Every structure is written in structure tokens, then in C-alpha cells.
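Shared chain: subunit A. Partners: subunit B in the first complex, subunit C in the second.
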Partner chain A sequence: MGSYLIKRIISLIPILVGISILVFTILHLVPGDPASIMLGTEATPEAVAVLRAEMGLDKPLISQYLHWAGGLLQGDFGVSVHTGEEILPQILKRFLITLQLTIMAVVIGWTLAIPFGILSAIRSHSKTDKVIRILTLLGISVPNFAIGTLLLLGLSLYFNWFPPIDVVHFWDDPAEAFKVFILPAVTMGIVVAAGVMRMTRSAFMETMDKDFIRTARAKGNSQWTVVMGHALRNSSIPIVTIAGMQIGYLLGGSVIVEQLFSIPGLGQYVLDGIYQRDYPVVQGGVLFVALVFVLVNLIIDLIYTWIDPRIKY
Partner chain B sequence: MKKRVLASFFLSLSLMLSACSGGGSAPAGDSKPRSEGASQTEGKSELIVAVDQEPVGYDPHKVPAASSARVYSLVYDSLTKLDANLDLVPGLAESWETAPDGKSITFHLRKGVKFHNGQEMTAEDVKYTFERILNPDTGSIAKSYFASVDTIEVPDPATVVFKLKTPDAAFLTNASASSASIVPKGSTDLTKEANGTGPFILEKSEPGQYVLLKKNPDYFNKELPKVDAIKFQIMKDEAERMAAIRAGKIDISAVSADSAKLLEGKPGIQIKSYQSLEYSYLGINVKKKPFDDPRVRQAISYAVDRNQIVQTVWKGEASVTGPIAPALTSWALDPSSYPSYTPNVEKAKRLLAEAGYPNGFDTVIETASTYPDMVESAQIIQQHLKAIGINAKINQLEWGNYIDTWKSKDMNMMVGRNTSGVDSDRSMRYFFSTTGSANVWNYSNPKYDELVQKALETVDVQERKKLYDEAQKLLVEDAPNLFLASPKNFYAVRDNVDFSPTAAGESTALVRASVKK
Partner chain C sequence: MAAMLHIDQLRTSFAQSGKSLTIIDGVSLTVQAGETVGIVGESGCGKSVTSLSIMRLLGKNAEMTGSIRFEGKELLTLSEKEMQKIRGNEIAMIFQEPMTSLNPLQTIGKQIGEPLRRHLGLSKQAAKERAVQLLREVGIPRAEEIVGEYPHQLSGGMRQRVMIAMAMACSPKLLIADEPTTALDVTIQAQILELMKKVRAENHTSIVLITHDLGVVAEMCHRVIVMYAGQIVEEAEVTKLFEEPKHPYTKGLLNSMPSVSVDAERLEAIPGSVPLLHEMPAGCRFAPRCSHVMDICREQNPQLLPVEGGQKCRCWLYQEGDER
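What follows is the complex of A and B.
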């Protein structure tokens, strides 16, 4: 177990180096130049040249990469070429916001998904099952910008309610933070719920056909004990897998939802960076997201061994 | 049925929300948000203005982006100023005189004006500012505005004399630009810190969320500003801005013409509009075949129905424009004086045939996907060109890519938008003289160059206007660009806020904005 963990962590290094090279190359291949974007159609060639030099873009690509990667090794993510702001503190600040949003979305999603998924599986092909499956399909197919816009406009039009416009952290003012995050979290939670619900249903249906369930029933256990005591844990592996993937994605920042609700999360930070061709911001942001994604997957893999002790690394 | 389901869903959601907020949905008027930075004590007024873009640094000499300019134009002052009617009024300079030969301008500065850090503003600061702008290492956009400056002299702390190489009729207007903001002597890095003399002080900038400005209690005009604070709230999505203003969470928001129609007459909201200085254009690369033949460009001009662009793209909320936007009422020529503004397909076809393209040709129109109005204009032009046999493919570019193409001077045709500028010199020389920094169309006509240069050096207003009249006609006939439509700008404003935007700009109106008691 310990040696497995060390191996996994060491394997992070080539992954991150690969990602850093990939992001750097792709970003610099994209047409558009931060200096010209910043100066817009007003720019004179000399003004662009001055700004490019200030941004350090006049140096060869290789030396730009090495300079950036060298900084990273010392924990220095560099500064935004536009605002001159330190990138790492911004990433962390915005990650905290995205984290709160993700947790809330996941809580909403799972609270809906798991009970309904189980219900749908043990009553498969009943009316309840059909209704749940139609709702799931809707949750997956309606894009989240549509759900989000509907929520926002519906509430402000019919009830004159609009979420607070400044972001507040849960640890500062839980009630206010709840109001800030509830709409985006519901929007994202619906999508999370739909995915997890489908997986829960199919995993449970498979498990409920297994011999040990028949044995459990034969021993005279109640439906509740059979489902909660025997089936749940044995169906968890695929559910946890998909949940892990979702959390990984959400922690990268849901660009559309953040944009719609003006949540200054990680997704918006990186997206703005892309529009402005703020290279260090995008590079740092993507690298950070990749790291989070890999770590979340590692945690999920460790959770497997707890769910199913037969799994050993 | 569907509606009822939806309504009951919202009802339950809002019940849930009000249960936890303990207050329920507050009525529009008093639902001012409680924000961490600004204390909303009795009698204090704070305006919340929604903006769609985040500022990218606050150096007035380096960053031309509108998202930054709206902030620094409230923090700094310039030597001169434009009032709501675009007339020149004193700024940091109380008065000025131009020498009879037009080659020197003397500014008399206001006395006792202080920067936000308490230091007094003097002629040395003005000198430093203009030297900073003119220094190539600064990379200032405004450098080209002041190309006529030879030397700057400071005879005493309250007087600055600009000695010019040639007379410059645009100097006083250009000096009013926020890109010519007066900064304290010795300033180097102004990206994050701002120390101006302006009506507001930059209090706090929270990336991704808001920029907070507080009233400058020592502002030289004791009557202004009328509010205690302005908070620029970053809201990138128009649907969100609309919902927020309806709920009374924000006070002012720029909105599109479409949204303005939707919000018109809604309780608690007033819609304000004005004719903007912007205009849309179809740029043509006059060096590229077949556009090197002026007859081809004229044919295109006759083929395009500008009125349809006004009606379809801007829903009638725009004016047909020439090279100078109609908002500059005393300078812009009436578009009906341009013959090629009356659509004439027969004439267009004849011109094409004369140029040797009786069956038309294939070409490309580049435009920016970021701006739906540009794409729609391109689509209408595409249809009109089809009628005379020109098959244009529309190429929608992402903004960064679009700027690159614009700068390349190697496009075919391009749909875009310009800001006409408050002085005709900018509308004309900057965009179309052979050496103009924004002349990416390879247009070069010695007669035109001479006209606009002469106009720049002509201080007499009537004389100057005659020269620009001639230049405008010449430009429309040569057609390196087709000038299309100049839209109105719309703002949604809460009922209790007095805010009257004009072409002079948002900041001019914000300084005068007030909250009704």
C-alpha cells in the first residue's frame, strides 16, 4: 500500500511535465498575441513591440518555456502578463470558490441520485422507474446554461429574487454563502445527479441479480437490509468511479455556470486567460487543474480498497 | 400546464430560499445588497454598475481597453475635458491660449489641485505626463495623438507651454482623452496602483468580482461627484445583468438594443439611450485584386443597402453613417449627400463589368464571432453582394485571431467596428491617411493625405470643416471602407437613479449621476 502510494506519486512527475509541455506548445500555436489583444485595433507596431518585450514574449519559445518551468520548480507560477498579478494566490483563491461550489453541487446531486437510482433499480420497469428515467434523460440532455438561465430569469421575474452579487465563503457567513451558491449548485447538481443516477441504477440491477443477494433474501432479511446491507456496498465501485470523474471535472471549474452566475472560480480565470492570451495564467491554471484531477483519481483508487477489501495494491 | 409546473417549481425553490434567508424576496427598492467593502450607513449613496469585462490594469497611458478606461477615467483628470455635448471645457487647465501662428499652446493650471496621496499637482507633473506618453519605451497609444509636440516648457508651477512642430487643431480635444490623464511626476508602474486627481479614488479591486471607487472628498469641483461610491460589478452574462437590474441588485447596466426592448416599461427600470460614436464598417484591402480597382469598390458600395443593416442588425436603433459618426453633429456630412448610399444594383453590375468582372468573383469576408452584430452585418452584405455576382464566404474569427488578421494588412474584406473619436482628425487621418496607424487597408491617396493634414493644421473652425467635408466625400468615393451604421447605446437604469449617458462617455455621466432620495 505504502509503496503503491509512492509509485503513484512518482508517476505524477512525468504526467505533469508532459502536460506542461503540451499546454505551453498548444497555447503558443494558437494565433493571436497578448500584446495586440491588449492594445486592440488602436495599436501601433512600436507600442506592440514595447509591450511584447515587457511581457517577455520577444525571447525564443524554448527559453520562455524553461524560464516558466524553472519558476514552477521553485513554486513560482509567475505573474499575469496583463495585470502583473501573482498567479498562484489567484489560482488558490479561485479554487476555494470552485471547491465550495463543487461540494454543494455534489451534495445536491448525490442526495437526489442515489436514493432515486436505488429505487429505480429495485422497482425496475415499474411506473416509478420510467418517470425517474425520463427525468434522468432530461437532466443529461438539457444543457446547463439553459437550466441556469431559466432559474435565474424565472426567479427574478416571478419572485424578484436574485442571488447576492458578491461571493461569500461558507466559513465567513454560511447563510449568505448558501444563497450565493445555491443556483449554480442546483444547475450543476442536476447534471451530476443524472449521471450518478444512471450508474446507480445499472450497478444495482446487476448486483440484485447476484447469488449472494438471493442468499440474503433466503435468510429472511428485509428488503431494506438486503439493499442497504448487502447490495449498496457491492454496487459502489462503478458509482464511486463515475463520481470521482465528475468531481475531477467540476473542480476544474464549470466555465459556463461560473460565467452565468458571475462566480469568480477557476474555470472563469482560465477562460479569461485564454481570451486574453495570458499565457502564464492559462499554463498555470491548466497545470493546477491537471494536478487536482490526478489527485482526485488517486483518492478514488484508495477508496476502492476500503469499499472492497479484496482489492489490493 | 407547463407554465404551472414551472411556476410551482420556482415557488418551492424560492420558498426554500426565503426560509433560509429569513426575509423572503425583498421589494425592488430597498434590496440594496450588503457588500463586504462598502458600508451602507445612513445617507451614503453607492452606485452599482454592471460591467461585462474585467479591467486589465489601470495605466492610462498603456491600456486602451474600455474595461480599464472606464475606471481610470474616473480616477484621473486630463488638461481639458468634454462636456455632455462634446464641447471643450476646462479640466486640470483652467484656461489656455493658442499662439496666432498656432505653433504654441499655453495652459494655465488650476491651483491647489491635489493627487489622491495629498501631493499637489503642478506643471512639472503635466510635463512628466506628456514626456511619458511621447517616450517610445512607454508604448503609449496616445503617442500618435501628440506627434506635433516639439518641446514642453514650464515657466512657472502653474503654466505649461507646448511648442508644436506644426499647428495642431486636434490638440485640445486630444488632450481631453483619458489616455492623456495627468499622472504624478516620477510614476513608473501604474498597472495596479492609481494616484490621480480625479473625482474618485481607486479603493479596491477584487479580480473576477468588482472594482470599488470611493468619492474623492478633495475634488476640485466641489459639487461633484454626487455619489459616495461607485462599484463596478463584473457580470459577463447579459441574462444575468438583466435579471439583476430587474431585481434591483444593480443600478446601472449597459444592455443590447434587444434587451432594452425587453426591459422597456418594466417596473423600476428606465431605459436611456444615446447615439454612440461607434460605427460598423466593411473594410476592403485596396491592394488586393480585384479590389485594387476603385470601380469594384464602388460597385460594392452601390450593392450594399445600408438601411437594411440599420433595420435588421440594429432593429432600427442606429443611423446610416459616413466616415465621421453622426454623433459628431457639426462635423459629419449628411449620408444622403453620398451618391453611392442609394442602392443601385444595375449601376453596380455595370461598374463591375467595366472593371472586367462581368460575372463577379469569389472572395472572403472576415469577421469576429465574438460580436453577433458584426456577423449579422457580414451576412447581409453577403446577400447583397450575391445580387451582383460576388460570392463572398464569411469567415468568423475568434477575437485574438481577428486582431491578427486586421493587423496583417493582407485580408480581402473585413467587417468590423470603429470608434469615430471626438475629433474629426481621428476619424479621418488616423484611419485612412497613408501613414495613419489604423490604416490597415493599404489605402493611399495623396490628395486625401493633403486634405486631412491641412485640416489638422487649420485652427479656423469653418475652414477646417470645409476641408473635412471634401475629405469625407473623397473617402466615400474611393471606398477603402464602406461605412455602414452607427448604433445607439442603451442603458438600463433603476428608477431612483439619475444617470444620463451621452456620446461623451459613461464616465462623464457617472460623475454627475445621483441617487434620488
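What follows is the complex of A and C.
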């Protein structure tokens, strides 16, 4: 296990190098650069050229990349071209906000999805199952900006309730933070629930057909024991897989939901960076998100070994 | 004294896309205390469905009529809760596939301990100790270590021993063994049969043994029931069945068994195959494959009636006089 972990962590290096090259290249291929955006459309080409030289944008791409990557190796993500702020503290600050939102969305999503998914599977093709499946289909097919807008409009129009705008951390004021995050978390939670619920249903239906479930029944177990004691753990690998991917995505920041509820999360930070061609911000942000995604997947792989003793690394 | 198990005119059908398919059609059989009754027949003849009917483990779309009495108690009208108290406690079951019939994510000890905790109310520790004891009784070496291991760490034969230990945990009065040796190597098969004999002798358990292997029947059973297409076609004491088979199907089964003593170049096979459920012949269900087929066989299904020699047989060859 220890050597597996070390191997996995070493294998992160080429992945991150690859991603850094990719994001760097793509970003520099996009027309427009920070200099021309900062100076506006009226600027003379000479003025832009001067600023470009100042920012080092006239150097060959390869040396620009090496300069940036060299900084990264020393833990230096650089400063924003636009605001001059250090990037890493900004990323971390916004990541904490996204993290709170993700945790709430996932808690909401799973508490809806797993019980209903199990119910849907053990009563498959019943009325209950049909209702649950239709709701799931809605959750998957209605885009989350629509769900979020409806929630926001519905609550403000009919109950005269508006979520507070100022972001509060859970450790400062849990009640206030709950109010801030509840609407966006429900919006994201519905999407999470729909995916997890479908996976739970199909995984359970497959497991409930297995021979060992028949054995469990033949031992005189109740339906509850058969489902919770035998089927749940045996169905959890695909559920954990999809849940892990969702967490990875959500931690990268849900741009649309953050935008809709004006939450200054990671997604919004990177988006603003893109608008302003703020190269270091976008590069650093994307790289950080990639790192988080890969780490979440590593944790999921470790959870597999805890679920299933046959999985050994 | 009431028989251990008495099944009367059992009919099991499944509802499928609006239609009802009858798998078991009027099966009656009796198992006495301490007796081993074999049920033989080809795949799809309804052997396994009969056993799962007794346990009432067939799922929601199965419908059963008739009567299944266990020690005089009618099982078909019991509630699911009452049935749970019987399963694994008074009637236990072992299955064909030891590789897939154990929960892959639970330790052997926990799985054997489960019926003990549920039916006998043993504590976790007591159940574990009893599990070790049971594993020793079924001949598993290093029982103390095995209780903490998972099914994938054991061979097929070992897993079937675990299944037997699990089934015998609450000393059931009736054991239903559904093809317990089919998936195992021949040498292991013999060991498992020996073990079942030992368990039977020690606990005085009645056994319903479902198999398609007549060798296993000869080894284990007192009485044999031959099933064909959801019906019993012959019932006999085990020696009678091998010495004087009556039904053409039973004869066919016996002839298709390889034997060292008979110097035949080819094994005889029964021509044709089991009729499909929705294409059951109007008369005798075996008629299309029977070498002695007569006109009446195609028109009317014969009754299962006693014939000379003390066995019962469902065939027009033996009941011309009585019926007409």
C-alpha cells in the first residue's frame, strides 16, 4: 500500500506537466493578450508593443513557459497581470468557498439519491420506481442554471426571501453560511442526485440478482438486512466512482452556479481570468483544479480497497 | 406422525408480460424424517424451481397453489416474517455455485455467524466461536484463520464446505441441496458427498437433493423422483429405479449414463429436447421424444399412478387397463 501510494504520487508529475503545457499553449493560441486588453481598443500598436515587452510577452513561448513553470516549482504561482495580487492565496481563498459549496451540494445530493435509488431498485417497475425515475430524468435534463433561476425567482417572488450576498465561512457563522450556500447547493445537489441515483439504481438491480443475495435470503434475513447488510457494500463501487468524479468536477468550481448566485468561487476566478487574458491566473487556476481532480481520484482508488478486499494495489 | 415435508399438487407459475407460465405442474412428494429424496431431471425440468418454491424464494412474480406442509405446518400461507424464521433455521439450503453464492465482501466467519445470531440470538463473539467449530466439523483446516478470511481466498471445494457449515449452523431439520456438487471437480465431489453423509448421520437431517447426476443419486438417496417438463414422471426407491426403471424417460436417462462395465461404442442419448413452456404437448409431455409412443400418448396426459414393483409412474404403457 505504501509503495503504491508513492508510485501514484510520482505518476502525478507527468500528468501535471502535461496539463501545464496544454493550458499554457491553448491560452497563448487564443487571440488577444493581456496588454491589448488592458490598453483597450484605442491604443496604438506601438503602446501595446511597449507594454508587451514590459510584461515579457514578446519573448519566445518556450522561455515564457519555462519562466512560469520554474516559478511553480518553487511554489510561486506568480501575480495577476490585472490586479497585481499574488495568485496562490487567491486560489486557496476561493477554493475554500467552492469546497463549502461542494460539501453541501454533495450531502444534499447523496441523501436524496441513495435512499431513493435503493428504493427504486428493490421496487423496480413499480409506481414508486416510475415516479422516481421521471424526477431523475428531469434532474438530469433540466440545465442547472434553469433550476437555480427558478429557485431564486420562486423564493424571492413568493416568500420574499433572498439569499445573503456576502460570503461567510462555516467556521465563522454556520447559520449565516448555510443561508448563503443553501440555494446554490440545492441547485448543484439536484444534478448530483440525479447522476448518483441512476447509478445506485442500476448497481443495486445488478447486485440483487446475484447468487449471494439468494443465499442471504435463504438464511432467513429480512429484506432490510439483505439490502443494507449484503447488497449495499456490493453495489457501492460504481456509486463511489461516479460520486468521486462529481466531487472532482464540483471542486473545480461550477462556473454557471457561482455566476448565478454571485459566489466568488474558483470557477468564477478562472472565468474572470479568461475574460482579461490574465495568463498566470488562468494557468494557475486550471493547474490547481487539475491537481485537486487527480487527488480526489486517488482517494477514491484508496476507498475501493476499503470496500472490496479483493482489490489490492 | 406427520411427514417432515409433504408437498401436494404444487403448481408454480410466473407472470410474464401479462401471460402466466406454469413451471411446476401438480408436483406431490413426501420426505420423511431422516430420509434423503433425490429429484432428478434435465435442465429446465423444474427441479430448482421446486426447491425455491419450498423456501418461498422465487420473487414477487411467482404464484404458487397447492400445499407445502413442513412438519404439518402449511408454508404457502405463512407471512414473509414467519417464513424468515424458518429459512436458515429449520429449512436450510445449499446452492450449486459455491463461487458466487457467498458474499465476496464479508468474512467467512461473519457469514456463518449470521444465521446463528439471527435465529439463535448468539452474541458476536459466541457466533464466531461456533463458526470456528462448524468449520472444523466440515473438515476445514486452520479454521481459526479461515473465519477472518474472504471467500475469494478459498477454493471451490472449500467454499462449498463453508456453504454446508453455514446451512448446518442452526441444525436444520430439512436441508435442500440444489446441485451441490455440479460445479466441483470430481475428486472434490466425492469429498462433499461424504461430508453430506456425515452431516446427515450426525444431525438426522432430512435432505432434498436436486441433481442431474444419477451417480450422486445412487450414492446418497433413499428415494428418487424423476421430473420431466414440470411434472413427476416416476417415483421409486433408489435400488428399484436403477434395477427396473419403468418410464421411458427414466430408462433414457439411465442409458445416457456412461458406464465402465457396458462395452458400448457410443452413449445413447434421448433424441430431441425438453418442450418449451408455451409449446407443451397436449398429451404426454414426453411423447415427442419417446420411443414407445402410442396414439393415446399424443392425446391425453397419463396420471402418476402406482405400478407393480411399488413405484409410481406416469405412462400409458402401464395404465392401459386401469384407465380404459
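Keep in mind that, in the parts below, the second predicted complex is superposed on the first by the 310 of 313 C-alpha atoms of A that agree within 3 Å, B and C clash if a C-alpha of one lies under 4 Å from a C-alpha of the other, contacts with A are read in each partner's own complex, and residues count from 1 in each chain.
Throughout what follows, a contact is a pair of C-beta atoms (placed from the backbone, for glycine too) under 8 Å apart; a residue touches a chain by one contact, two chains touch by 3 or more.
Source: prediction; values computed, not measured.
When both complexes are superposed on subunit A, subunit B and subunit C end up sitting side by side without clashing.
Of the two partner chains placed by the overlay, neither subunit B nor subunit C lies in contact with A:L291. The three-chain arrangement built by superposing both structures on chain A places subunit B and subunit C 150° apart around the Cα centre of subunit A, to the nearest 10. Annotation for subunit A, partner touching more residues between subunit B and subunit C: B.
With both structures placed on the common chain, the touch criterion links A:N234 to subunit C but leaves subunit B unconnected. When the two structures are aligned on the shared chain, A:I37 is found in touch with subunit B, with no touch to subunit C.
Judged by the touch definition given at the top, the superposed model places A:S222 against subunit C, while subunit B stays out of reach. Contacts of A:R214 after superposition on the shared chain: subunit C is touched, whereas subunit B is not. By the touch criterion defined above, A:L99 lies against neither subunit B nor subunit C after alignment on the C-alpha atoms of chain A. In the superposed model, A:L260 makes contact with subunit B only, not with subunit C. By the document's definition of touching, neither partner reaches A:I140: not subunit B, not subunit C. Put simply, the nearest alpha carbons of subunit B and subunit C end up 34 Å apart when the two models share chain A. Taken together, the two complexes place no residue of subunit A in contact with both subunit B and subunit C. Residues 30-33, 36-44, 46-51, 54, 82-85, 90, 94, 149-162, 164-168, 175, 178-179, 182, 186, 259-262, 264, 268-269, 272, 275-277 of subunit A are the ones touching subunit B in the complex.
Residue ranges on subunit B touching subunit A, taken from their complex, read 6-7, 10-11, 13-14, 17-18, 20-22, 25-28, 31, 33-36, 48, 54, 56-57, 62-65, 136-141, 143-144, 189, 191-192, 207-210, 233-237, 239-240, 242-244, 246-250, 398-401, 403-404, 406-407, 416, 418, 437-438. Remark: subunit A residues 210-212, 214-222, 225, 230, 233-234, 307-310 touch subunit C in the complex.
By the touch criterion stated above, subunit C contacts subunit A in their complex at residues 55, 57, 81, 84-89, 92-93, 95, 97, 100-106, 114-115, 118-119, 150, 152, 163, 166.
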